């Protein structure tokens, strides 16, 4: 077993160094799909989460329970729902985006959005509780206070993004269902691992897994640095 | 003549249906150092929050410089809010340098950055914190954070400065420094100061006026000398007793 | 004001993102697309990777292959999510056509399933006259038999043969695996068991396996591959022209040549035989 892992590691290095075009495309697509999903989720989720974190909203606790539940939405389920929606037999079939990267982005956004909203709410709310009175006492308007609290919540919001990205890049259930694992078009690292495993090419599968982890590490390296900057000003 | 800065009339306040503050009549006077005393959970923090306009009393009226602070337009409320500052028991600084934190209140008021710079430098020097100006707030000790919060409040030059147990995290050196600072401020500027503290010896050194709370009610209030030398209530005697 | 600058940046980012998404609906800038659903065993044989580039060049089209189980491929055809099917389960295909899901079906090529087992062959399958008889011997002897137990063509064929033999396979000797062909073969190899496999998968993996072919050229083991054009009238957007082109191509001399030649160089034998 250890032999497989070591061979997998060597295979991974070989792939990287020889610029195997198929794998590089898979790598790029993984980043592209998950990255776009996180970006979209952030653009929607951070404002929504901030609003929920700052304002007393009726039914807040129920909403949070709902959000927490959806944070754990099984990717296959999300994939299935999106598939049925985008299917030519389904309501949005005319858009013809099933079995394309666009469908994969949509499915992953559904998975990532609750995470970003939920963690943003938690982060903003805790800052709000700590800071709000003190800032108002110093003479801030509600709008100024909201803005400051948002800025102070930056580390927590970055955590939300990190968590969301981790979820997206690692999942396979949603993208394989709505994307179809089409070679050179909708194949990403996780679905490629599924393929190689099915064919019993374990070394290749492990190599792809190592590449996936390395990619994840590099991205999180950057995100972590960004977070540290926000903390230590 | 001693002028009333703050007047409470028939004020009652409730938390979860429970009556936590019952003050039929209380005056806080301008340009005086008023010390607010009382055992834990006697309603001191509640009283401060009401005075600082962070909450509105369930019943009654509160006046700041003869203005009813309860029914106010947003602008008028902001105007009054910016004339008073509370330094909280557990102050929270922003993720920034000490300098930026102290400048914060001034930025809120939209002041010119040159003026801000001057004012902050002044305050930091006054509080003997200038050597820490560029230090990140996350790297300040507990005592330094406390002093920084006080500097932050001072910087906006309020008419009313409220200090909620400011001595908590301070070592004796700093306590002495703070006491001196408070006395200097009171003398040099037109600032009214309300301090909540448990340290009775300090009270005797600093107080102009004393208000003693117990279970949400004012047991006794008046000039410090009278309270110390001639306490009217048994409770007061017991509470203060033994120091003078 | 302060907030406005941020709102503008936000909107711009949102716009760029939606533009990106639209782009990825293509990543292809308007080229024609043919979506083919096939089975995992067909796909893993590598035949399509070999043939399709010729097809794509000739017709200037993108041929996208989705490899899933037979059942799922037919389901996708039913929903019109793919344009054409390449599958090998004649009975299921018949039902598919009867329900009006396909506009055209053409049998394109065939190979054989093979009955595999250890060289010891404790059930004496080699002596059997046909697949059904062989299955009967295995059941009688209660020798280990690995079944795929999914919706694959191989499994459907296996069920077929059990039915012909009049046997309902149950018991500890009948191991239901529920996984892909390669893993099933590995399991058979490890347990020295019998199993049914499509020829191409076995040929590509046989160097690593200790089991061998005990029964092949039986009519009952014939595995017929058909191309089915999904009915374009059912759902909008199906590329029936592209599907037609694929059928034409596979039926053409060039197409048949490619099918005949595939695998010869690598494995010393063809994996598929075109039907004339």
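All chains are identified by letter, namely A, B and C, in their written order; residue positions are counted from 1 within each chain.
One rule holds for everything that comes next: contacts are C-beta pairs under 8 Å (C-beta built on N, C-alpha and C of every residue); 3 or more make two chains touch, one makes a residue touch a chain.
These numbers were taken from a predicted model, which means no experiment stands behind them.
**Q** Using each chain's Cα centroid, which is most distant from the centroid of chain A?
**A** Farthest from chain A by mean C-alpha position: B.
**Q** Can you tell me which chain is nearest the middle of the complex, judged by mean CA position?
**A** A
**Q** Per the definition of touch at the top, where is the C-beta contact count highest among chain pairs?
**A** Ranked by contacting C-beta pairs, first place goes to A-C.
**Q** So what's the Cα centroid distance for chain A and chain C, whole Å?
**A** 33
**Q** How many Å are there between the centre of chain B and the centre of chain C, using C-alpha atoms for each centre?
**A** So the centroids are 79 Å from each other.
**Q** How many angstrom between the C-alpha centroids of chain B and chain A?
**A** 47
**Q** List the residues on chain A that touch chain C in their complex, please.
**A** Touch list, chain A to chain C: 32, 36, 39-40, 43, 47, 87-90, 93-102, 105, 143, 147, 180-183, 185-186, 198-200.
**Q** Note which residues of chain A are touching chain B in the complex, please.
**A** Against chain B, chain A makes touches at 130-131, 133-134, 136-141, 144, 148, 152, 230-233.
**Q** Which chain C residues qualify as touching chain A in the complex?
**A** Answer in residue numbers: 2-3, 10, 13-14, 17, 20-22, 24-27, 35, 40, 44, 49, 62, 64-68, 78-82, 180, 182-183, 186, 205, 234-238.
**Q** Would you pull the chain B residues touching chain A in the complex into a rising list?
**A** Residues of chain B touching chain A: 49, 52, 54, 78, 81-82, 84-86, 88, 91-92, 94-97, 104-105, 108-109, 136, 138, 152-153, 156.
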